[in-house]
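Down below are the structures I want you to see.
Look at the two complexes coming up: chain A is in both, with chain B in one and chain C in the other.
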Partner chain A sequence: MGLLSDPNRRRALISMLTRLNAPICVVCYFAGVAWFMGLAFEPFTLRTYMSENAMGSTMVEERFPAGERALATGREFAAHKKKVGGMPVDWLVKNMQDRGLEVFTQSFSRTLPFPDENKERYIVKGTNVYGILRAPRAPRTEALVLSAPCSPGDNNNQAVGLLLGLAQYFRNQIYWAKDIIFLVNEHDLIGMQAWLEGYHHTNTTGMSWSPLQGRGGSIQAALSLELSSDVITSLDLVLEGLNGQLPNLDLANLFYAFCQKIGVLCTIQGKLQRNDWDSVSGYNHAVQTMMLMVMKQASGRPWGDHGLFLRYHIEAATIKGVNSFRQYKTDATTIGRLLEGMYRKLNNLLERLHQSYFFYLMPSLSHFVSIGYYMPAFGLLAVILLLRALDLWVQLNTPPSTTEDGVADIDQVRHTLLSVLTPLVISHLTGVALYALPIRFQETAVEHFPVSETEAVVLTAIAIYTAGLALPHNTHRYYIVSTVPDVRGWRVLKLVAVLYLAVLLGCTALINFSLGFILALTLVPLAAFVTPHVPKVLSAFILVILSPACTLLFSVFFFQELQDMPVSFQDGWLLYLSVISQGILDHSLYGSLVYPLIALLVYPCWLLFWNILFWK
Partner chain B sequence: MAAPLTLLLIVAVTIRAALFRSSLAELIAERVEVVSPITAWKRVVEGLALLDLGVSPYSGDVFHETPLIIYMFHFLVDYAEITFMTFVFGALCVCICFFFIYLSLMPFQFRKQKFALEADRYPMDSLELIRSPKEMYYVPLKVAMFYLLNPFTILSCVAKSTCGLNNAVLALFFLSTIKGNVLLSAIFLCLATYQSIYPITLCAPAMLYFMQRQYIPVNFHRVSFWWFIVQYLFMYLGSLFVLICLSFFLLGSWDYLPSVYGFILSVPDLTPNIGLFWYFFAEMFEHFRLFFLCVFQINVFFYTIPLSIKLKEHPVFLIFMQLAVISIFKSYPTVGDVALYLAFLPVWSHLHRFLRNIFLVSCVLLACSALFPVLWHLWIYAGSANSNFYYAITLLFNVAQILLVSDYFYAFLRREHHLTNGLYLKRKDGSEATLILK
Partner chain C sequence: MLCYTSLDILDIQWIWQFFSSGHTNNWAVLVCTSRFWFNYRHVANTLSVYRSVKRLGIPDSHIVLMLADDMACNHRNPKPATVFSHKNMELNVYGDDVEVDYRGYEVTVENFLRVLTGRLPPSTPRSKRLLSDDRSNILIYLTGHGGNGFLKFQDSEEISNVELADAFEQMWQKRRYNELLFIIDTCQGASMYERFYSPNIMALASSQVGEDSLSHQPDLAIGVHLMDRYTFYMLEFLEDIHPASKTNMNDLFKVCPKSQCVSTPGHRTDLFLRDPGSVLITDFFGSVRKVELTMDAINLTDPIKQMEEDPVNGEEQKEVYSYADQLPVSEIIHQKPKQKDWHPPDGFILGLWTLILLVFFKTYGIKHLKHIF
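And now, the complex of A and B:
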């Protein structure tokens, strides 16, 4: 405690921190970025390993034989799907019953707040069909889920076929200790949401669904299968779920282990693993993979049907079959064997998956970066905010006080308080408007402008965002009549804003590291340099460039670049608009938190800095 | 002064009423930081239901409030709004009491200062440390603001935690103490003790205050000293006896003793909260439990002795220290308890120039308050973090509180030192000296 109590050493430390504040901040920023980039370098990462004993050492022999028959079932399913023009509920019920499952259906309906132009849906009605294979060897208190979405067009027929084939095969085995639920969900995530809410008796998003007639035990793990061709070249593992939540790393390990064992090519983020980590291109590859994961996680949306399971404390992942132009092909029997193996291992679980990591980034499927390694990168950025706050605090405490008597002092305090409170309240009200108005005013906008509902929502959001910049920021000058020059005002406001940002980013980074880090990357430098005395036009330009909306725009282009699908500016802009509408939809459909976070907290915080820049 | 105070009251009541009406109220009432197993409104409702059925409210190990509280609410609960108003009232009551405390404290302080000044006790260069009435004019308003607009108090009030009522009783105790009414002071202290045991340590500051006021020297060889102590304790224990018997006759059994006081002292409920007990006792081997229970509980009471010795001239500051110690180390603390002693901070605004870590500590307290719900979400809902994350924040929160309190303690002692020795200390060789706490 010497540092806290010895005044001389404290003074030395504080004077050093205030004198060297700017250089330390710059060093911290670059160190943070460098640390983050270093995470993808293989020697700095850990190899994945199976932590769960129940899944580690047991030998499992996969015997699933009926790939071809599953594909035939898939073709039959496709034919019925085409005939009905949607989900062939009766055919599915009959088929599942034939395979000896307890079959139930659930119907649901949901009206979207505005039409979803990407998936072309507005009023959604559908039915989920699920069959339960009761565990013959245990008291049926736990369950596993295998799901396949029934997608429009020719997609995913093979997945449903394989699901039915596996159901038939699993039915004849005697070793199941957990119920296995085979679920075919319609309208991808919306159907999944309805089913999960029905299963857990919750209703968080105001969707209407019929209650489930049959139920298994508490769900331990779930896999969602997406398969669109008879043979595939590789399997892709999708982990990112709602709000950037990830399943336990053991699930990824399990998948990787079986791919290795059976000899299937496996990818993550669509990127194969490479062994040349010491070459520049190998490192680039790892960085690309990791950055893709970071971008996907930061978006906070579920990237597969598994994404909603995670909210219910169920470890889940999506497995996607990819058919590209590689030589090496894998048939449905092999995929069936892989899934059989994974389910048999999951069947051996004695408790929920909890041994391995929940916070990780993956530069490749065989390596991961745990929270202890990536948090310092964020910490180095956050430290900048604390250093700036300390500097401001010291500045606020040292100026020679011009007022002698107490009354003037009180006036000063009150005046500072008001001049800080006003921008705080105004910027938060703007945030509330940004959050609430776009959906409210879509009808009015459609009446008056030649735009569709979706465009109306997005454009209203952008308009409110831009209008926020033009708000009268210097309200304090209207009621101030005192002649005392206000030297404290902006410093106090900046102190508040910097601490606010630090707490906000810290909390965000804990829940969703990627989002917190990306926001910190852009907002921290801005928070560090803004004062009323910097050149106005240039700083205003930088501030706008670093604002959350522009960050999103860059992220869209960057994401396309990472996926090796660069887009022109025109397309990028359209994509940007659709990303915003998807963000708002994700919030109202599934309860994703990114949109409210940005609108209600990050944007007002950014407005505070905008305020400081134009302080008079 | 009246206008800003009225405005403040209106704002405070509006915020509470708006929150109480919104859907947030239910969420807040479930937060472990805001309600403890003792103060949760949900449990009081359970107790009321049992009472209505003619069963002892303490059967079933859910309800742990005192019998007087449950009979009071049994009286009130038919009117939902009235119940809410009780809590608003509790909060307001605390504020108003604080307000009066300070109003009545001021003349006394000044009288003391004046005597000392006339007697030339203070060196000339420490005159700037002496508080002027002008500086003090707004302090009561600030106290009221610190209590009423403190998010902790608002949360605790909206959650209908009975902690607000405990705070009100404590505030009444200060008020009557500072007004110099020995009997009322003893009665309210006894009520507070009856509610949660720990306020018993406030006996010492109360008695010190009265002795100072009545010019009774704190001297173990004087009869008047012992006579006063006997008088005060008689009133205190007498009213405690009355209360306990009253509870017995109301309830018709002694059920409540193990289930209220046993519950507080033996800490069987290890629901996470902002205190230090839950994690420690959840992790501990059973056969060490009794030993550490004694250690933890003695810890709460023990600080009374050294603090009373050190601060025997300054009982009001001693009350503040005691409250802080209780709210940090008690077995089921909530943010409502923290808010009570935080409301005292503006009273010590003259100590600000001697505070050392206030910036660091307030940053930590702020960050912790934001991190509590985040880590709770990660642990309980997302399932990706675990109890260690949450406990780490609890620990940090308590360390920050302890640093805050010790910082104020240090600043207080240092001001006293400067008042007697002059503000600008010189070494023996004439160079400027600095005070170092080792």
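And now, the complex of A and C:
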């Protein structure tokens, strides 16, 4: 007979499962963590390679000559920006028209739900200026985008100058098969969101913008430029976008190939590559680079202006120029040549970039780990939840020690199910409160407490989160009193909670592996060990430490540590508060899903486990 | 009519050589099967062979040129209206008198096979037809992406070596060629000529089975590879040929050894009746009118006699050939006349009914018989 249909064998399998459950769970957990840490070890990674045949190798001749003129244009731009006190729209329009582009502007405005203290803005009004270089002989079906943000102060002037210089050079070439759109966006991400929404005729975030007068066909790829100095020592590539989405790996491969050809120093996550992978410090370096990418991806926010393109299936990356204390400097002409080479290769594309990976982690710019290699780390963690669920199912199905007649059994089952429903509903209502109330009641909070709106929102969120901890003591009153003491009630709740967590983390990991993995690292052990019978005070403490809010707090400190900028506790706490406010803002401005996910789904799940701990 | 008279031995040899090849006209079918900008080199290959063939005398009316994509007018070409075959843009093979017969999406396996076998719809213009006869020497050149036993057309279909061999057999049976030279420059090209079984075919390929044919040189200004190695060296070889040169096929077999080509070019001559050493390059690549000037008088003293047999000289007619009727239309259209009168049913149906009746009466008893009759 089969393994599962033979009752003897089944009984043996089940007994083995119940006996060995805890050891297997522990082994799986450590195996998952070890697998994840092993991903950065260089023999386990693959070298990057160009997958798209149409792009071929880097065999183009770059001839961009006008780096100095581009810098002069950048200085002019800076002067006009200071004079106008914002975006010098007229100067930009005239300049782009002089270079032979078709120029259009778009104005947009948005009132943030509460003031943004990081960037000091509340009611945002701005204008985007973009010029289209029409392909001389091709139909207007496809386009490429080069963008530079117009930032306040002295930032990114050289980027706009280089953009205009490249526009003039590109205009004189006849080999363009796609239109090239040169975009200068104001208020960085908000302006970019307005432009993209206008270009694709969608309106998902409630921004008001004027419709675009000129259009160029479907966008195949986009690059965003950030350059704030005349000379640079290295170029940094930023890939992480909104909701942890990444561009196609071929774009990173293209950048790396050209960096090698032209001889510019290129970094990712701001970290240089090292060749000594077999030494401990080399491995540490790779792990740090990979962890930085994981942290940035898990935060779900776009780390450059390119991050918003990814949602429209446009492969985009941001290239940042970094000027540090190194001897060898690269000038603007070389950066211009690198961009020229990249655009000539993107010009050769016949279809959108799709040959290479969309889900990957990069421990360095020349090595990558694809989804097939990193998913088992998460799978090992998810298996723990499934094993626990099986164990609970077995316990629930063993007949109870006291004999009952059929009627009482059914009653007990019904009461158990109803008693499970109550904590579920109440946890989710708390989640909804955590999602909706902070923004709604910020005026009331500001009236009653001496705090600014941003602080009001964040502190309301933390208050609701902490209030949820008091729930189990209050919800007991609403349980339906059953005649028979239901010792099994918490098991049913735990089974439901564990399966719910498994599905939730699985779906999250599919879309945003880093977020799913980080949540799994803390929530899975919590889900595995919590029962009403463990010591209450210690377990309550551990549960709070492993809750999503504390995970976020530790991640903030860890992230600063990884970037070699460790912070003190006070600064870290303020940073933590600003991270929460940025998360809420990202959700309402760009549609980031991290805050709703945590508030509406992960937090109620954690509350269920809190309920189980205090089950009476 | 030629006759044996009292001629010198040297004169006889010279006369033999004069009529050694047996063909009276030359055709060329040059096909490039791949499209897209990064396959620039395949179009450049084909145009280089076209250029050589035209230079050596085959006119456009006898060349069927099939190019699957237009590189000269591609939006990405920084030098529009040109296709270069040497880097630094020394040689523009697109020129100003290129006549492309099948262009773009017209280059399909079906069209290629129809051109070879002659089964084209009546509306096809003459420039798109291979109007060869049994005295034609045909050069067929294919280039593109290929594999073991197939050649890829246009990114969506393939022609197999078996199909090609059968097409050539059809050509032989319809007497559409005298001798055929087949050159292919693709990866694993030798697999394409493995299956040939028709006589008088000589084949060359740029690489053996399991080897890749490599491209020659990229041009950084244009941004693509310009030519494949085998065709590049073949073009260099052909540039030295002029209409009167006596270079033979053995020299063509030596073009692009492994040191230059990295792959091993192959050739196949077992189906060819003549010795390759006696086959001139211009027998296939050029259209040479055989003219010999002589200052001596040839004394034909004896009266002209009928030639008994002459196996090499194919100009005598032994028997009259006629084309086999490929499509006997009259037989197909001819239908059986409809039978308008009633005719008794088949014996089988009759027997079946008898059986049914017998079974009926057996089951229900013979007494019912009297109710019927």
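Here, the second predicted complex is superposed on the first by the 587 of 616 C-alpha atoms of A that agree within 3 Å, B and C clash if a C-alpha of one lies under 4 Å from a C-alpha of the other, contacts with A are read in each partner's own complex, and residues count from 1 in each chain.
Going forward, contacts are C-beta pairs under 8 Å (C-beta built on N, C-alpha and C of every residue); 3 or more make two chains touch, one makes a residue touch a chain.
Keep in mind the model is a prediction, meaning the values are calculated, not measured.
Participant: Is A:A389 contacted by the first partner chain B, the second partner chain C, both or neither?
Facilitator: first
Participant: Considering only touches as defined above, state whether A:L510 meets chain B (first), chain C (second), both or neither.
Facilitator: First partner only.
Participant: Identify the partner contact of A:A135: answer first if only chain B is touched, second if only chain C is, both if each is, neither if none is.
Facilitator: second
Participant: Taking the superposition on A as described, I'd like to know which of chain B and chain C A:K616 touches: first, second, both or neither.
Facilitator: neither
Participant: Of the partners chain B and chain C, which touch A:K94 in the superposed model: first, second, both, neither?
Facilitator: Neither partner.
Participant: So, A:E61: does it touch chain B (first), chain C (second), both, or neither?
Facilitator: In the superposition, A:E61 touches chain C alone.
Participant: Could you say whether A:K536 touches chain B, chain C, both of them, or neither, answering first, second, both or neither?
Facilitator: neither
Participant: Between chain B and chain C, which makes contact with more of the residues in chain A?
Facilitator: Between chain B and chain C, the winner on chain A residue contacts is B.
Participant: For A:Q245, is the partner it touches chain B (first), chain C (second), both, or none of the two (neither)?
Facilitator: Touch status of A:Q245: first partner only.
Participant: Can you list the residues of chain A that meet both chain B and chain C?
Facilitator: Touching chain B and chain C on chain A: no residues.
Participant: Using the touch definition from the top, list the residues of chain B that touch chain A in their complex.
Facilitator: 132, 134-135, 137-138, 356-357, 359, 363, 366-367, 370-371, 374-375, 377-378, 381-385, 403, 434-438
Participant: List the residues on chain C that touch chain A in their complex, please.
Facilitator: 36-38, 73-78, 80, 218, 220-221, 223-224
Participant: List the residues on chain A that touch chain C in their complex, please.
Facilitator: Per the touch definition, chain A meets chain C at residues 53-54, 56-57, 59-61, 135-138, 173-177, 344, 347-348, 350.
Participant: Mind pulling up the chain A residues that touch chain B in the complex?
Facilitator: 4-8, 10, 245-246, 310-311, 313, 352, 354, 358-359, 386, 389-390, 393, 405-407, 410, 499, 502-503, 506-507, 510-511
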